[in-house]
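Per-chain residue numbering starts at 1, and chain names A, B, C, D, E and F are given in the order in which the chains are listed.
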């Protein structure tokens, strides 16, 4: 089974915990519809503020199955991506977009089932000057996303997993889920987490 | 066909682009339900912070089909508008509310199908002092909304169209949609936007 | 009829107005699904930033029917609460969570029908150091929540009602609803609120 | 020696620590000149947003030596206080102003030596409607300021000390200063704080 | 006496009040040194985010005595202006800069005595694409600045005065200062403002 | 001449430009007194929110001449550093502190001449749990600071220079200063920057 399929079985939060609380992208980046999920390797972009030429180029250059991960110089209030770009990207097999900025045409994007994770929706149009970087490391909140890193997003948020740690992430996420299922059983029996984790000895019940 | 009907056929983003990236209201102003749309001429209001007398007066004075467009002195955290005012406004044929502040009673407003675009929901009550202006120009983010300007809102955001430019907006929006349909056809055939726009000559494929 | 049942009949906004515009918690605290409602007495928590030991302890110590009300030192960007804690709390009869911070596992929490009101969703994991306070007064925005105060939350927001004023809140909320129904009747007949409230004498129609 | 004189000998930070990290007002509230200090009992005010009638009333009603402590409904962008009010307050022996909002006429206020602690400077004028509260508890950030509590402010920020804990604050602040002087001596000799506090045993040097 | 000289005699706050609380620019725009003052007619600029070509053009095209007033698309975090541009502008007799964004080289600018009012200081460099507008109306916070309007800035903030209202502003500001001097005399005698304004009849002493 | 001395000759803005607009730390990080400057290699720290044990350890472990560069998990509102730590660090030859959070005891720190660059001042005390990292890469705004990178700070802000690019930075900064001096000469003669850069051919004079 390939890594993308394996990672898709886990939530972003579980993978974040599996790697020792690693890789949480800014929590303001959320799917434009809560049911959207995304998983794949990152094709990274860094744009000028309010300019989207590099996003047009990114979906043309990225490989099928990749996720466009874009930083926008900290300027969120523009519609960097819309229905046409979603159609172009989806047609080429791009797996989705994760952008630290806004997008537009949410209804059409949602209708075509192309997963977009953004700061929000904004109609404000963009320029076409094209300065910035393609497929180089980008900072997203507290973490660096390198080209080829895995990104997994769901309703709770988005996590980045370094390519070199993907097997570790999958193994530890599986272990975590087993342990959580065991906790779940005890919780259903009426035990509390402070009992299950043994914290009642420290704090009293 | 009247202008309101004609404008209703376009998205806010399309009209914004049609006029050369004009008239985007602050992107924090969104419909309280993503399915809401609004279109009509603006009856403008500028309120004191946390005071809503002028909003009561506005829906009584505005003409049927108009949209109340309200600035609240930059004080967002109050429930300036609720279910009773929505009922009163709807009964009088007001087309909707666009407010740079918060509202409350979202469930009831949604149930009666009165479109409200706001910064969000807030239960905090208002005062009744009544200072401010009615049907004078108001600043909304980067743009001025004049009485009688057209406003069009959907899930992506809200655009204001100067009354004198409404025919231009409709024509250019139609042209833009035709062009976009032509782009869409090519995207579906696997071309990318950098090819369609000829940018591949600048950037390489 | 007990107070909780009685309070549940009213919206948060109505109760806020009933007590003279009292007790609105920060409007950024919203249900993770708009259909969630919560009502009960507060078991208060104040956590260190990014630490959630006290939340584990809180749901173990609180009485069935109580609502956990948590301040997080003004540090919102962490997933202080998730599906396991929701399961544990729900199993013990806890009525819900109101937190001035973020949570995660929204899909699972929503599926189990445990009401959670938060600043938003965030996958970022927490620490286990455990400093802070349990069941002592906490500041939430403009108001103090004391242990045993009532909290009522819905899509519009959350209100806190001092324990000593709960009967007053219920009576005044009932009176307010009667008055609102009377206003509604007149609005449906085409009167405006400035006529109904007699403000037309001040402002002209 | 009276409490005000005794408290004046300590920094706001020292008093905050002395009471177990208690009473820090929002750190955005700073003196309009870094050399200003304030110390006295609080005469508390809660204003409507952008209204300053209650501040005029406050300095007329407060006793000489008191400090006006004002919350402004979370609306900071107004010049709630200026040179005339400073002159009036200073003439009546008011010890200073601590306001969770902005002020204006900074040069004149500084020239007359009246200590003002605010969110910043803003020329925007205020209204005269006068709703709000005088000398009732107000929330300032994380803490409640009760009438008669002591406030101490300097360049670093402002602390509130409950009236009932003022002697405790003074004693513990004195003890803290002695301990700090002892630490200072060792630091000057080249020891590090992890050695002085014994943390080197935990962490290694 | 010319208007600029006449306006220079008043504070920004006084002129704002003189025109009925008109024209306050965002209070985050402050002089880079508190002793700086600026007064003149506006040469307006609207830049792309992070681009400063239009500012280079603006000081070359503006007339001596004018003040460059610049909006930066809501993107503050760039050093749009520095010591070289200050030298060029000062040499050409430009009276100062008011910018809704950041600048750099504060020490050198201060040393040459060229007044700059900005959101703050930022070293981040700019691009040279040059899109935007020159000498067209720009929105600054709540108000529109038209080419040729007067701007007056001091430590408290910046006010814009419409060219057509400049005489009114001067007259009313003079009247206001006389009235304030009369209030000052009474305050020094121990009267309070609620007595001087007659509010004691409403509120009691 | 060593690199630190060489870098000290340039402003942070010049070095940022010299490396192609690289390395600007968040512009909210400023010296607590505008006259402070800092230059040295980074000893990096990442703290838990509101915890400062790692800062105590950092100045004990860092080499003389190094600058402590600290990220605080995005929680700014705490006094992570004060006069005692400044004394300890200065005694050991530490060159200064650059922190993405707040500090306290500004007067004492300024008096001892220890350069501190921070988000601001805050009296709020810290905890002593000690989780985090020492001398590992940290994200500061848009850039990664690696242990051993050079940081240079002045009134305008702070820049990080990768260790491997320090000679390039010095050479290009010197070239830039020569070019700027040549521009300055022409500006003093009355030429404008659009003439000097040849942009007048594009835009007209």
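Heads up, the rule we're going with is that contacts are C-beta pairs under 8 Å (C-beta built on N, C-alpha and C of every residue); 3 or more make two chains touch, one makes a residue touch a chain.
Computed from a predicted model, the values in this text were never measured in an experiment.
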| item | value |
| --- | --- |
| Chains touching both subunit D and subunit E | B, F |
| Touching both subunit B and subunit F (chains) | A, C, D, E |
| Pair joined by more contacting C-beta pairs (D-F or C-D) | D-F |
| Residue-number overlap at the subunit B/subunit C interface, same or different (half cut) | different |
| Subunit B-subunit D separation of Cα centroids, rounded to whole Å | 43 |
| CA centroid of subunit A to CA centroid of subunit B, Å | 30 |
| Numbers and ranges of subunit D residues touching at least 2 other chains | 73-74, 77 |
| Every chain pair in contact, whichever chains are involved | A-B, A-C, A-E, A-F, B-C, B-D, B-E, C-D, C-F, D-E, D-F, E-F |
| Footprint of subunit A on subunit E - complex, ascending | 48-50, 73-75, 77, 127, 129, 131 |
| Touch list for subunit A against partner subunit B, complex | 53, 56-57, 59-60, 77, 79, 82, 84-85, 87-88, 91-92, 102, 104-107, 120-125, 130 |
| Partner subunit F, residues of subunit D touching it in the complex | 11-13, 16-17, 21, 24, 27, 30, 34, 154-159, 180, 183-184, 187-188, 190-195, 197, 199-200, 202-203, 205 |
| Contact set on subunit C toward subunit D in their complex | 71, 73-74, 139, 141-144 |
